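The two complexes that follow have chain A in common; it is paired with chain B in the first and with chain C in the second.
What follows is the complex of A and B.
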């Protein structure tokens, strides 16, 4: 993910001091932009990205500014005694939401600030974070299904409804994993996953299994709700990152519309009453 | 069996059959085509640049239409 590990350039002679210093500024700007890009990509809010990156730049002895756009991040750094500023632009990393990665990156920023990590060590740590393997697919599949079955219980579903929701989530989420693996459009994937989950969970209603089939049907697609983008959008509004907030909100709203369409299609095909 | 029951069985059956087919396909490809196996899709979602590519355009895998 991170292309190469930059090394700090040490000036060898006095007349190369300026050039070496400029090169270090370039490398630091690139590192901070990569860091901000990955942090945004793994689901951090704009204010979290700004604070963490500013903290590291301050600890490394640079002035810092950042512009966060929906798909790109611009980082400027400068030395206090020099008028020149250096900018690095990165596209937001498409790594998917990961709280684990988010926590590791936040910890790195505190280690740079509190433990005074030098630049090469910080870069090495960042590279090892980039190489962190994602959570196992089977593990995620089972835990998501359990979590959604628990949701069903929270909404008053009985044990049969929980079982139905567990298996409908298992099928829908597996389909989602396969389709995303195959490179299908994420909106189409959401539509298909919600359609099959809703159809499977409607089995309780159709075959007359359990006492709360309507709760099983309603909660069977909850695992698809993009909660993190919605919450991040609210956080971004509070901190006046309106562009990112709007972008996140629209993205989440489109996914919600797709999953709603899948749910409605399932109910419509099976001839179920909506109200 | 009523019509919704038949539909339910057909839809869930189709999904399970697709999973089964994929598992069998993966197993088969691992056994017989370890080296040069490529998935062949009946229907695929293409990229914008595949339709509007002009010779000389940059071969950028990180394009926005992904």
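What follows is the complex of A and C.
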């Protein structure tokens, strides 16, 4: 799930005089690249990734630079007294958004900077963070369903609409969990989950249950809106990381298009006159 | 609307916003210790927007009200993040989610498909108007929300980036 360490390191200018020093630079570059890759993958903004990694490199006694691209991260480190630079490149970790990991990794960077953790301890802490389990699936399923039902209420839905939204979210989100576990494409998963939720909640519209069936139908797919990538995109724009901002925005827009398509397909199959 | 009715509506609005924020934050694997703070910030932010848009109070436009309440959410997130040792984004991202203009987005898609479905000029013009109105409102609400919440992080940069220290 998370990157293993260390992997590929490319020495830019090779000097074999000091093998131990070279090895340290190799390992540190690999560690920092893995750290940055995981932090980006778990949904941190570019500015946070840059600041945290720079903080750790500084505390470990190295000069540092980073290039963040939409799917890769390049880390460069060097010693002030030696004209040698080392680069490590990693693909952004595909671990899904996790604020828990984000918080733990940010804390690790401060521990390295403030408590002067030595390199092996920092690596050990990092590996234990990589093994952090995600929130329980049942807990997420129930909380998300409750959240979407509350969302329906905020938009003016009645109690029956809230119940419809609760169950349609429960079914749609469960389908999303199963499909992602099976390794299905995330866009196809969003389309299917949206279709499933919309079809279920359209029952209120078709059978005339409750006074606000259109709100139930409209709200039933909103749990799929990728809010975090949209907000990260704006944050990246503010800090002039335009490439990553654009990439995050397009990713989120494609997922939004998929959930809209699922909603429309549900309407079409049920023979509803669109809306 | 009487003061009592307004207070009850504000409480109800805050309560459902808090539940929505906690639920949506769980999708992003938010640490459990942050749930209460996320819910509290969401409740305060959403209630501020609700009060600002009430015709009996200020009757402010939803775009401006969203920007102002998001700014409040951003400030609260920056201030409270260090208490739970989490980055500010962990607090304000979930708190913003209940303010996402889902119904405007839904009506935009509805209008878009209706534009494709109806070819008569008058009906088409009506749905095209709906498409532009809902689409623009939705876009500007989201922009004002995100910019409003990000400004405090930008202004109090040192505080924002030392929350996990």
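Points worth noting:
Note that in this section the second predicted complex is superposed on the first by the 255 of 275 C-alpha atoms of A that agree within 3 Å, B and C clash if a C-alpha of one lies under 4 Å from a C-alpha of the other, contacts with A are read in each partner's own complex, and residues count from 1 in each chain.
The rule is short, and it goes like this: a contact is a pair of C-beta atoms (placed from the backbone, for glycine too) under 8 Å apart; a residue touches a chain by one contact, two chains touch by 3 or more.
This one's a predicted model, so the numbers in the text were calculated from it and none came from an experiment.
Once the two complexes are laid over each other on the shared chain, residue contacts for A:269 go to chain B alone; chain C is not touched. By the document's definition of touching, neither partner reaches A:258: not chain B, not chain C. In the superposition on chain A, no contact is made by A:60 with either chain B or chain C. Chain A has more of its residues touched by C than by the other of chain B and chain C. Judged by the touch definition given at the top, the superposed model places A:198 against neither chain B nor chain C. Comparing the two complexes, no residue of chain A contacts chain B in one case and chain C in the other. By the touch criterion given at the top, residues 2-5, 7-8, 11-12, 15-16, 19, 22, 39, 41, 45, 62, 64, 66 of chain B touch chain A in their complex. Considering their complex, residues 71, 91, 94, 171, 174-175, 178, 182-185, 188, 196, 199-200, 202-203, 206-207, 269-272 of chain A touch chain B. For chain C in complex with chain A, the touching residues are 13, 16-17, 19-31, 34, 46, 85-87, 89-90, 93, 96-98, 100, 102-103, 105-107, 109-110, 113-114, 117, 142-143, 146-147, 149-150, 153-154, 161-165. Chain contact summary for the complex, chain A toward chain C: residues 43-45, 48, 51, 96-103, 106-107, 109-110, 114, 134-135, 139-140, 143-148, 150-151, 153-155, 215, 218-219, 222-223, 225, 227-228, 230-231, 234-235, 238, 260, 263-264, 274-275.
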